[in-house]
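Please read through the structure below; I'll follow up with questions.
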Amino acid sequence: MIDFINFYLVPALAIGSVYALGAVGISMIFGILRFAHFAHGDLMTLGTYGVLAAAAIFPVNPLLLVPFGMVLAIVSALLVDKVFYRPLRKLPTIYTVISSFGVALIFRSLVQLLWGSQNQVFGSGGVRPPLVLFDTFRVSVLHVQAVVATSVIALFLHFFLSRTKTGRSMRAVSDDPELAQVAGLDTEKVVRWTWIIGAALAAVAGSFAAMDTSAHPNLGWNLLMPMFAAAILGGIGKPMGAMAGGYIIGLAEELSSYHWIGDHALISPSYKTAVAFVIMIVLLIVKPQGLFKGRLL
Amino acid sequence: MIRLEGIRVDFGGLRAIDHASFNVDAGSVTGLIGPNGAGKTTAFNVIAGAIRPNAGRVLFDGEDITGLKPYQRAQRGLARTFQIPHEFSHLTVLENLMAAASAPEGENVFNVIFRRGRFGAEERAIYDHARETIRFLELDHVLDEKAGNLSGGQKKLVELGRALMRNPKIILLDEIGAGINRTLLSKLADKIKLLNQEHGLTFCLIEHDLDYVSKLCDHVLVMAQGKLLTEGTVDEVRSDERVIEAYFGGGKYEAHA
Amino acid sequence: ADTKIGVLMDITGPIANFIPPLQNAANLAVKQVNEQGGLLDGNAVAVYGDTTGSSQGAVDAAQKLANVENVPIIMGALMSGTTIAAAEAVSIPTGIVQISPTATSPAMTDLKDNDLVYRIVPSDNFQGEVLAKMVLDEGIKKVAVTYVNNDYGVGIGQTFMDAYKKAGGEIVAAVKHEEKKDSYRSELASLTKGGAEALVVIAYAGDSGGKIVKQSIEGGLFTRFIGTDGLRDDLLIKDVGADALKTSFFSSPTSPADNPAQKTLHDEFNAEFGEGADKAFVDQTYDATFLAMLAVEKAGSTDRAKIAAALRDVASAPGEKVGPGEWAKAKELIKEGKDIDYDGAGGTYDFDAHGDVRGYVGKFVVDGDSYKQIEVMQ
Amino acid sequence: MSALLSVRGLTAGYGGPPIIEDIAFDVQPHEIAVILGPNGAGKSTVLKTIFALTSIASGTIDFDGTDLARCKTSALVTLGVSAVPQSSNVFPNLTVDENLDIGTYAAPPADKVATHEKVLHLFPDLRAKLKQPAGELSGGQRQMVAIGRALMCEPKLMLLDEPTAGLSPAYLERIFDLLLDIRKTGVTILMVEQNARQALQIADQGHVLVNGRNFASGTGKELLADENVRRSFLGGAAT
Amino acid sequence: MEWTGLFFYLVSILIAGGIYALLCLALNIQWGMGGLFNAGIAGFFAIGAYTSAILTTGESSKHLGGFGLPVFAGLLGAALLAGLMGWAVAKICVRLKSDYLAMASIGIAEILRLVIVNESWVTNGSLGLAGIPRPFGEYLAGRSADLVFLAYVWTIVLIVYFVAMRLYDSPWGRSLRAIRDNEASAAAAGKNIEKFRVQTFVIGCAVMGVAGGLSAHYFRFLSPSATDPLLVTFLVWVMLMAGGSGNNRGAIVGALGIWSLWSMTEIFTNRLPLEWITRSSYIRMLLVGLLLQVVLQKFRSGVLPEKSPPLRFRK
């Protein structure tokens, strides 16, 4: 039981947080701009390296430097949207999908050009002593921080989407952009906010992932598929759903190899990723609109 | 020809059709009228198979078709139009019509790849039929335009054109008149009459313009709040108290409030 | 005129993070050659091809090296998959000699390669067997094993387990794991069952290997680790600290006895680039590049047909020994018509009939912030 | 008297050949102006052009001193122009309430609650559907939501593309009454109608469009009386 | 020598381009005509590659079989098995709307990849299959073998092109495009949507399988690194969009064009000044990414946009 919490549940929640934060952006972009943003993982990487760059200058706890990464990610996302995505907005969305794929390459090669492609660790690296509670629970401090941060972000996001005018306009734009314009909503502003939120959360997610292990140029790309699965699972265009989806994917991946029955892993850990996808596909078939009904929120 | 028996349709908590039963007689032009949200379109969807009723049966030519899929019903001779146009947006107008026709030989993959001779004649006939229909609908000048680029009214006409291409036994027309120029609309009425009288084609149409309905229909069904309120000739129905109240708004606004 | 040397590496793609020190290693070799008299009658120029870590990319990049750049010899690639695809589709048909510094797949042994494809690491089978012996010699009778699910991990992992069991060891748990995940805690949880004395990790320090060690220390699951050359990386020490690795040891292909050549190379490497000499496969990459240039020099021209024979000549005994950085000496000897034998930082490299080498495997322990070789096995 | 909306020499299209050419008309304040014409004549295109949804080749659209030809679509509502498009005129996944609410974002009405109440009074059917996604409404109900949304921002000028299409007689009448009503409150209306006969009865002026060009103009009465117009566009002789 | 080198480089571009052309044609049938968003091309490609490889290699203890069949039989097997897999996937997923189908197919491809890496009794896992023969391989060696293989690949491309043209220019193709545009109204016109879609998906997947098989024979060695989604799935999408989706000729042009672009950028980055050399690959990827944007913005609807097929009897 203790094992279960220490080695399966808590790490699963931590990974779930990373997926959740990344999936929010994917889900919102999908909802509002209607395309699968393949550069989201690499946006995450870029944000992470922003934090890394700041950490090289300021010798403080890297968590405090995450805003640097957020700013870098936001600026890059807005720039890319303006230069690459916006001219394609009137075309079928598949063009933007393809374009985002090119942007992923651009982001990744920029990271490699600027920072090289070797693994980099935050601070001194080293083993961080776990948080020991009651002599039995051993959980990583970072994991706790990640889960707490994600919950706080979820609260803020919910408030933003449901209470502010911009947040509520987002749903209208996601429904019918042309009509939204006719109704006088500034769609470009909504789009900007989508990028700001998506990019900022991506940077946070990337930083957590990198602090837990290490930063490298493929960091975000490797996380992209589970994040997509999470976004789908939560129902596309529903940020809160995507959050839940992230945790479900994280839990499914980690818990599937717990020895639920007998002494052996239920499913060979090599098939971890497959578990997430199987869940996604089954859900798509039985409940195609995702776990949560309604678009955005 | 069509018979609905005790149909019930629920959308979540809302009962869109509430145990409605009615007939559309073979060879008739039947009108289906009623206030907005009465369940008319839903009834069409039930007949065409787009919605499974929660209860009740649909009979077509005496045969129970409740379990059939929309395409199977279409293959048996049931054609419909959509209230909100559902054009094939990337196909030209001509292709829209041709695609609607049934082409058993030409839609067989094996024939398409290996035996192209098999569907030449069939294709030719479809083409001629489509051209003729397009001429009638006054869409000649947009023959090769992508249907997605058409105006609202033109899309409605394409909608009708596709139904005509099916060579069906019955056509369900859902507010074909809304958004169509009145002059053209009266020509459509003539065509409908012609098809009905000369080819014995059955029509069931939803329409809000009662003058138009009275010009066309021998028989009218009135729905309100998911139920069949009454039926009869246009004049009978027009003078029915309940219809006046539900449909024409009785003493102006209060009736609805 | 300058002579181009083809360098095929998986620069972008899944193993991108391993590459920079290896590029440095190749560049160092080229630089030294040019400083010490150049190649043939001009300078050596490294022309890179990027396999993108996929077969398509490997073949495409090799085509460009062979046909557009017209290189006489190719050093690379690093992954077995990309190496063999490039060899089968390009090097062999075009008659170019290809030397891989790192491809360990047993499949390479049996290629019908017209004597064109070489590698300077022993096939997986070898390191796995030696590692098994090393572990038993330490008196460890019960281990848990985890290996990364790619050609490297599977190859060594399987042979290790077979050899270890045959020699009387007990494997209490074995888990194959995927690369690139963030958490290996659930894998570790199943590895702890059975009370192993140590955990054998066959994976890269920069990827899953490092994470596994770190996460097991953090979770207090294992204290003793046994790794292969992929794990034996300064990064690991940086990541988990030397203290935590006190009882651990590592195997890595090396050269017989204590090898001054390796020290020479590492000193020069670190002098040039500041750090990184100890990264996985730096020695091999340098040696392969150096050997490639020696072969061209020996052949006396860029005639592809002559280079294969020349490579065998310069790499194997008999002949006067030449080591890393000793290009001037080698060039002189070749000019005099003398036979040479390159003994590199990573081994002596005597090719057998298949173009494989018999290797030596060294046992390493952590010493300060790097590794120390304490034993060599053949 | 200066026109509220003045269109001059307008030529526009969708990137290909122009759909409307050299269109010109004026709409005076507090007027109801109707555009008529056969299907595909370019009526909707005129409205869309005013709303900056097409590409303008030449011409000016003067609204209250501003040239709309240079405006962004989303800026128009703030200027006091609201529109109901012909098709896809509701946000299908938003509830009716939210659809109405959207109308107030760009140009908040003086009293939001009162305006909301006014719209519901106009379309009592919607009251029961406030929490339902608009995509689940019947065709006529959507039309009500769309008009309601356009009213929520208390516009100066309303552009309506076939507002009565699909509405039952009761509502048809109600819409026309409504138009007369809101005209009284100072709103100017430019609409496209196929229910031309009724529309012309309440219209101050009408413009007939054929093949993208001005064909005939006049007051509602004049056009109704015009034999040619009647035969070609109003469905034959008056009944 | 320079010139022969360039000539053989051209040959290699055409071989790889031909394999991509097959993938593009297959995707065009699925997406351009049928509107089926298959984002799991790599999966079907992998099935084809492994099937053909296992059928044609000599007996081996490392993996399933090694059945030593002729290459043609291998490719046939690849088409059949990939088609069969396509059928199974289509049966489950074809009802999904396009974006969802995309995700489901990515998921399936990823699962397939894991199966290939893990089930080493069939595929020899990450160690790969060696010794895969080329067609007519026993008679030829050296560079000239590439010429024969080129001819082999392009013969298949032409056959598939003709089949694709026939599909496109037919009532079947028309109905398929109609279904793509609007399902409800296609159903109202009596089209059995599921049947059409399953047929489309299966045909496309079978062709993808053949492409996979050809690549295995080209590389003569097959390991999971040959089925990298970056180069197999995404690049094919780029090619189709750049060439013009819905247009078979566009699919081929896109495949050749983008592959040349992808491949040739390296020749230029290799000529950068010395101090940039180690970073040339990153610069190359940057360049590819940027060029992609240029292609997308300049050729909006592809080099050759979708056209309706002509009706032969129309004047």
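Annotations for the structure displayed:
By written order: A, B, C, D and E. Residues from 1 in each chain.
Basically, a residue touches a chain if its C-beta (ideal position, glycine included) is under 8 Å from a C-beta of that chain, and two chains touch if they have at least 3 such contacts.
Since this is a predicted model, take the numbers as computed values, not measurements.
Identification of common neighbours of chain A and chain E yields C. Farthest chain from chain D (centres taken as the mean of C-alpha atoms): C. Per-chain Cα centroids separate chain D from chain E by 50 Å. Centre to centre, using the average C-alpha position, chain B and chain C are separated by 73 Å. Between the Cα centres of chain A and chain B there is a gap of 47 Å. Distance from the chain C centre to the chain E centre is 34 Å, each centre being the mean of its Cα atoms. Multi-chain contact residues, meaning those touching two or more other chains, do not occur anywhere in chain D. Within chain A, the positions touching two or more other chains are listed as 108-109, 112, 117, 268, 270, 273. Listed for chain B are no residues, as none touches two or more other chains. Applying the touch definition to all chain combinations yields A-C, A-D, A-E, B-D, B-E, C-E. Those residues of chain C that touch chain A in the shared complex are 11-12, 14, 16-17, 19-21, 149, 175-178, 180-183, 185-190, 193, 206-207, 210-211, 214, 217-220, 235, 238-241, 244. Listed in rising order, the residues of chain B touching chain D in the complex are 11, 14, 34-38, 40-41, 83-85, 142, 149-154, 156-157, 175, 178-186, 208-211, 247-249, 252-253, 255-257.
The residues of chain A lying in touch with chain C in their complex are 3, 6-8, 11-12, 14-15, 18, 108-109, 112, 116-119, 121, 125-130, 138, 140, 209, 212-214, 216-218, 222-223, 254-255, 257-259, 263-265, 268-270, 272-273. Contact residues on chain A toward chain D in their complex (touch as defined above): 165, 168-169, 171-172, 174-176, 178-188, 294-295. Per the touch definition, chain A reaches chain E in the complex via residues 30, 36, 38, 83-84, 87-88, 91, 94-95, 97-99, 101-106, 108-110, 112-113, 117, 225, 228-229, 232, 236, 268, 270-271, 273-274, 277-278, 280-281, 284-285, 288.
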